[in-house]
Each structure stands twice: as structure tokens, then as C-alpha cells.
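What follows is a pair of complexes built around chain A, which joins chain B in one and chain C in the other.
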Partner chain A sequence: MIREALLVAGKDLRLEWRSKVGLVQIVPFAILVLMLFAFALDPDRGVLERATPGLFWVAVLFSSVLTLQRSFSVEAEDGVLDALRLSGLAPVSIFWGKVAALTAQLLVLEMILAFGVAIFYGTTFHSIGLLVVVALAATVGIAASGAVYGALAARLRSRDTLLPLLMLPLLAPVLISATRGFEIGLERQAGGGWTWAALLAVFALVYLILGSLLFRPLLEDA
Partner chain B sequence: MTTVRDARPPTGTGSTGTRALGAVALVLLVLTIVYGLIISPPDRLLGETIRIIYMHVPTVLAAYAAFIVTAVSSAMYLWKRTEFWDLLGASAAEIGVLFFGVTIIVGAFWGKITWGVFWRWEPRLTTSAVLLLMYIGYLAVRAVPADTRTRATRSAIIGLVAVVNIPIVHFAVDWWRGLHQGRTVLSTIDPEMAGTQLFAMYLSMAAGIVVFVWLLLHRFRVAFLTERVEETGLDEAIAQRRAEGVSS
Partner chain C sequence: MLLRGPNGAGKTTLLRCCAGLLPVTSGTAEVLGIDLRTRRTAVRRRVGLLGHATFLYQDLTVRENVDFWARASGASIDDGVAALRRLGVAERLWSLPVQALSAGQRRRVSFASMVCRRPELWLLDEPHAGLDAAGRDTIDELMAAAAAAGATVLFASHELDRAHEVAHREVTIAGGVVEAAP
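Up next is the complex of A and B:
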């Protein structure tokens, strides 16, 4: 199963590497969002600085939706999803492969965004350990729930408008927890950052299990 | 393929059972109005605004009942794959969204009177808003044209995902607001209630549940008949094409 999942993940990452859509479209979009926040919130009044954790994660969420759409629209075209089903790969492996590839892509995106906030918002990073764990747990959660809804919306004609509507409310707890985790990690606020990391881990775990169970009916019927 | 149903198509969604239930619902609603607005006294702390609770609580109760029905139906559909569970889940979700919307609107009015603002980032309000948006997503997917099995699988998966997310949203929002403020105003109501107030509250809850069941039965029947109409429409179209073929 792990070998099959790696195969799917490898295929997705290779595809991204060659097409560079993520690099030339999604990354610039994410940076653009950071700049838009600066235009909307006066940088001289400290609002931007105080809101950095939240703005960072909002930028991640918006870019994630784009990444997801991209990851599944390449499957939906030309009946690739059917080909995947016929390839003899277990649906569970396809799910884990998708999650792995999405996680990798989103982590790269987050690293670039972290540089972005360091440069544009003048953020300095403290408790690196907590920040990394929060980001990792949140990203796996986004990737796992996103793989389920991405596959579900892939064959819908109105997927571009439906996916954000489905994904963003689902990710509300991720936004809350990751933002609070980062606030504590950046030492803006005292408190137990690890509780938030734990909640994010629970979210990720729940959707990894749910996705493993639901991916078969998803591929076959949805 | 003539069956009894085909021979005598139904002209409505009512039956003796639902008419009786409808009558009970009506009586309970009238009693709720009488007790909630006239007989029960204003509250010591909340004054007249307590009367909003007699609408707020039953609607939220019915909405949660509806979402439970949707969750169970979604799981049952993925297991049994029958039209019954699909249509039941979808009908319940629709009513759930309706009741939840009413709950939030009524809650906002209460907020305006009590807090002076329509909205506060109070844990329950926030959780409710997120849940409402999740189920609106469910209905949006439901509205996309697709063949029956595809649509049913999609909605069953969303129904399950949404219900699993409820406790997570609840915890996240509770902890989030817990960092900024103490106990909420809403949670202090219950222990203060007694006598006619409590009776009006229970009465309204009973009314809410009965109205929900009544609506669910009718909505399910409408959904079932809609499916039949679509099937018949297809059969007729095929028959017409065949007739054209014969005559030419």
C-alpha cells in the first residue's frame, strides 16, 4: 500500500514539477494575498503585525483551495480518474498518495509564505518547534480533508465555485487552531500552544481515517 | 409495467397519519404561542426577551434532530445504497438548514436587544454559523444535476464529513473564545427558569419536534414523487421516440 501511495504521490509531484503551475501561479497568488492584506490594513499602525498569524493562515487556506482544484482537475480531464480506478491501485493508496503530494506542495508554499511574512511584515520567528508542529499538523489536516472534497468535486462542472464553499467552513477549526498556535509560537500571546497542535492533529487524524474509508465509494460513484 | 401506483397517481403528500400529526403540531404551536407570549411571566433577569427563547430553543433542537437524521441516513446510504436513505437524508438536511437559519436570525434579534448588537463572536453563535455554511454546501452539491447514484454518494459523503466536523468546530470555537471571555449569557438562562416558563419551554420543544417530523414526512414524499416524475418523464420520452420510429 505504501509503495502504491508513493507511486501516486510521485506522479502528482512530477506533474507539478513539469507543469510548474504551482510555482508560477499559486505561489505568486499567495504572495499577492499578503500584499493585499498590507493594502487593506495600515502597516504603520501595527495592525498587520498583530494579525500576522491569522493573515498567514488565511493566505495558506486560499492558496490550498487553488492547489486542491489544480490537483484534481488534472485527474478529471480525459477520464484520468477512471484510468486510476482501472489501474488496480487500491483507493486507499490513491487517497494517501494524494494526501502526501498535497502535503508536500502545501509545505513548500507555507515555507515561501513564511519568508514572505518575514520580509513584508517584519516577523521574527521564535519557538520554531511549536511552529513546525502546528504547521505540519494543519497541513496534513488540510490535505486529508481536501483530498476527500477535491475528489468529490472533481467531476462537477461547477467545481470551481463549489469547492471553496465546501472546503472553507470545514477548515474553520484549522484556521482557528493554527492561528492561535502561531500566535503563541510567535510569542504574541501566552498559553498552551500544544493544545492547539493537539486539536490540529486530531483533525488530521479524523480526516485521514475518514478519507481512507470513503475513498472507494468516492472513486466509484461520485 | 402497470402497478397500482401507476394506475392511480397520488394527488398530494398527505395521509391519515400525517393529517393527525399535522393537527397535533398545530395544537402544540397554538399552545406554545399562548403560554410563551401570554401566560408565562417575564423573566427576572432577561425580562420580556425570554419569550424569544421559546422560538430559539425548539428551532435549534429540530435543526440538530434533522442533522442527526442526515448523518444516520448518509451512513445508511453508503451501506445499503437505497433510494430511501438518500432522499431521507436530503429532506432532513433541507429542513435542518431552514430551522438553523431561523435559529440564528432569532438569536441575532435577541442579541440586538440584550447585547445591543446583532452579532457577537460568542462560541455558540460562531459554531452555528459554521455549521449552517457546511450544510448549505451540502444543499449546493445536491442541487447540481447528476445521475441519482452519483448525487446520492456525493451527498452521503458530505453528510458524514459535516457531522464528524461538528465536535471539532465546537471545541475549536469554545477554546478560541474561552481565551477572551468568561461564561456566556445564553448558558446562564436554564437554571433560572421555573414554573410556567419551564412548561412553555418544554411545550415549545415538543412543538418544534412534531413540526419537524411532520415537515420531514411531507418533504420526503415530495422528493420521492419528484424522482417518480423524472422516471415517468423519461419513459414517456422513450415511448414517444419509439412511436415516431414506427410511424415513419
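Up next is the complex of A and C:
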């Protein structure tokens, strides 16, 4: 299973590397979102500073939806989904491979956005350990839930508009928890940041289990 | 075995049912000793399907596509290379993305991706479509070699003259019903 998951993850990352969609479209989009927030809130730097964690995660979520759409639209083209079903790859391996590739892509995006908030918002990072754990747990949660819903919407003609509608409300708990965790990590607010990290880890775990169980029927119905 | 019939006769549907991609909703169906009503997913690893779609990632190179599909099905990378050579895909094309190839070249790469899996049952939907004369001859040779090696080849085709030269048996269907199976 691990070999198959690595094979799928490697293929997804290679596809991204070849197409450069993330680099030339999604990353600029995410930076643009950050910049627009900066323009909108610049007159009052206090608001911008306080809102930085939320703005960071809103930019991540919007960009994640684009990354997820891309990840599953390539499987829906040219009968590839049929080829995957015929390949003998276990659906659970495909799911874990997709999650691994999405997690890697989103982590890179978050690192770029972290530089973005440092430059545009003047943010300094304090509790690095907490920030990294919160980001990692949130990212795995986004990737796992995104893989489940991405497979669900994969072959629908309306998938491009349906996926954001499905994903954004679903990811509200991730947005809230990650924002709270970052507020504490960036010392905007006092409190136990690890509680939020734990909540994000539970969300990720639930969707990893759900995806492992549901990916076969989702792939069949796609 | 040649599967023939007018457009909409159900040839593609039958091939997809045999591949375990579509459920059998009535009657009985068995492929390679596997009951498709109850265990259709079990047949998939043992069949190769060539359809109207390319089954290829357009942004990946020829070599990356064939390597991926070979390894996904448990075959080796060498099997993929051998299949590309057998299909006559020139080595200078191997590093090109699939989207840069002509329709005929893509068809050959699709075929290579299928052949390297060494399926026991070949399900081919219009296998000669989009190929030049040399490509068609290559496909015919491959089908004959596969049949000689013990595989079963079921193919749908409208090019009856060529198909009759290759096929040992012929089934005609219309409206989803077998009309003639001499």
C-alpha cells in the first residue's frame, strides 16, 4: 500500500511540476489575495495585524480549493479515472497518495504565504513549534477532506463550481481552529494553542479514516 | 473476436461491462471465470481496455505515463520500455508531453500502456482508429501475437475488411442484443 501511495503521490507532484499550474496560477492568486487584504486594511495597521492569522488562513483555503480542483480535474480528463480503476491500484492507496501530494503542495504554498505576511503585514513569528504543528494538522485536514470531496465531484460537469460550495463550509472548523492557533502562536492572543492543534488533528484523523473507508465507493461512483 | 454492429448497438457498453467498469444489471456475465454481477472489480487487474479516450496524463511525458501505468499494475519499467518499442514509438518522443503528440502517436502510447500490463483479456474499442497504415499493421500483429500467446482479444471495429483478416470469430450486436454469433 505504501509503495502504491508513493507512486500516486510522485505522479501527482510530477504532474504539478510539469504543468506549473500551482506556480504560475495558484501561488500568484494566493499572494494577490494577501495583497488585496493589505490594501483594504492598510489605513489601520492595527486591524491588519490583529487579522493576520485569519487572513492567512482565508488565503490558504481559497488557494486550497483551486489546488484540489486541479488535482482531481486531471484524473477526470481523457478517461484517466477509468484507467486508475483498471490499474489494480487499491483505492485506499490512491487516496493516501493524493493526500500526501496535496499536503506537500499546500505546505509549500503556506511557506510562500508566510513570507508574504512577513513582507506585506510585517508579521514576526514567535512560537514556531506551535505554528508548524497547527499548519501541519490543518493542512492534512484540508488535503484529506479535499480528497474525499474532490473524488465525489470528480466527474460532475459542475465540479468546478460545486467543489468550493462543498469545501468552504466544511472547512469552517479548520479556518476557526487554525486561526485561533495562529493567533496564539503569533502572540496576538493568550491561551492554550495546543488545544486548537489537537482539534485540527482530530479533524484530519476523522477525514483520513473516512477517506480510507469511502474512497472505493467514491471512485466507483465518480 | 470481432464485435460488430451499428453505432449505438452497445459495443462500447459491452466492452466496459467486460472490463468491470459498468455493473451488469440483468442476466448473467462471467469474464475469466469471474462473475461480473458479484465481483466485477476483481476482473479489472486482468483485463486491458483501449477505448476512445487515451487514458493518459496530458502533461506527463510519454515515458512518465508508461512508467506510471506499468508500475501501477505491478509490471516493471522495462516492460513499459519494451511495449513502447514494440508499438514503434520513436525514442525521440519519449521525453515529450503527451499533449504534444499527434492523435496517432497518442494512440500508440495508449496501446503501449495497456500492453505492458500483459492482460489476459484485451478489450479494444476501434483499435485502428487514428493510426496510419504501419500503425494498423502493428496493432494487428500485436493482437495476433497476444491471441497466439493465450490471451483473448475482443475488439469492436467498423473496418471490417481489416478486422476479418485478424478475427477468428465474429459477433454482431444491435440494440444491445446479439444478432449473430457464428
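Heads up, the rule we're going with is that the second predicted complex is superposed on the first by the 218 of 222 C-alpha atoms of A that agree within 3 Å, B and C clash if a C-alpha of one lies under 4 Å from a C-alpha of the other, contacts with A are read in each partner's own complex, and residues count from 1 in each chain.
The rule we apply is simple: contacts are C-beta pairs under 8 Å (C-beta built on N, C-alpha and C of every residue); 3 or more make two chains touch, one makes a residue touch a chain.
Every value quoted in this text rests on a predicted model; they were computed, and no experiment measured them.
Peer 1: Would you check which partner chain A:S177 touches, where first means chain B only, second means chain C only, and both and neither mean what they say?
Peer 2: A:S177 contacts chain B only, not chain C.
Peer 1: Where does A:L156 make contact in the superposed view: on chain B (first), on chain C (second), on both, or on neither?
Peer 2: Touch partner of A:L156: chain B, not chain C.
Peer 1: Check whether A:V206 is in contact with chain B, with chain C, with both or with neither, and answer first, second, both or neither.
Peer 2: After superposition on chain A, A:V206 lies in contact with chain B alone.
Peer 1: Once chain A of both complexes is superposed, is A:D82 in touch with chain B (first), chain C (second), both, or neither?
Peer 2: It touches chain C, and chain B stays clear.
Peer 1: Identify the partner contact of A:V148: answer first if only chain B is touched, second if only chain C is, both if each is, neither if none is.
Peer 2: Touch status of A:V148: first partner only.
Peer 1: When the two structures are laid over each other on chain A, which of chain B and chain C touches more residues of chain A?
Peer 2: Residues of chain A touched, chain B against chain C: more for B.
Peer 1: Once the complexes are superposed, what residues of chain A are shared between the chain B interface and the chain C interface?
Peer 2: 220
Peer 1: Provide the residue numbers of chain A that touch chain B in the complex, in ascending order.
Peer 2: 145, 148-149, 152-153, 155-158, 162, 165-166, 168-170, 172-173, 176-177, 180, 189, 191, 195-196, 199, 202-203, 206, 210, 214, 217-218, 220-222
Peer 1: Considering only the defined contacts, which chain A positions touch chain C in the complex?
Peer 2: Touch residues, chain A against chain C: 4, 7, 11, 14-15, 18-19, 74, 77-80, 82-89, 220.
Peer 1: What residues on chain B touch chain A, complex-wise?
Peer 2: Going by the criterion above, the answer is residues 78, 130-131, 133-134, 136-137, 140-141, 144, 146, 149-150, 152-154, 156-158, 160-162, 164-165, 168-169, 171-173, 175-176, 179.
Peer 1: Which of the residues in chain C end up touching chain A in this complex?
Peer 2: Residues of chain C touching chain A: 19-21, 41, 44-45, 47-49, 51-61, 64, 68-69, 71-74, 97, 113.
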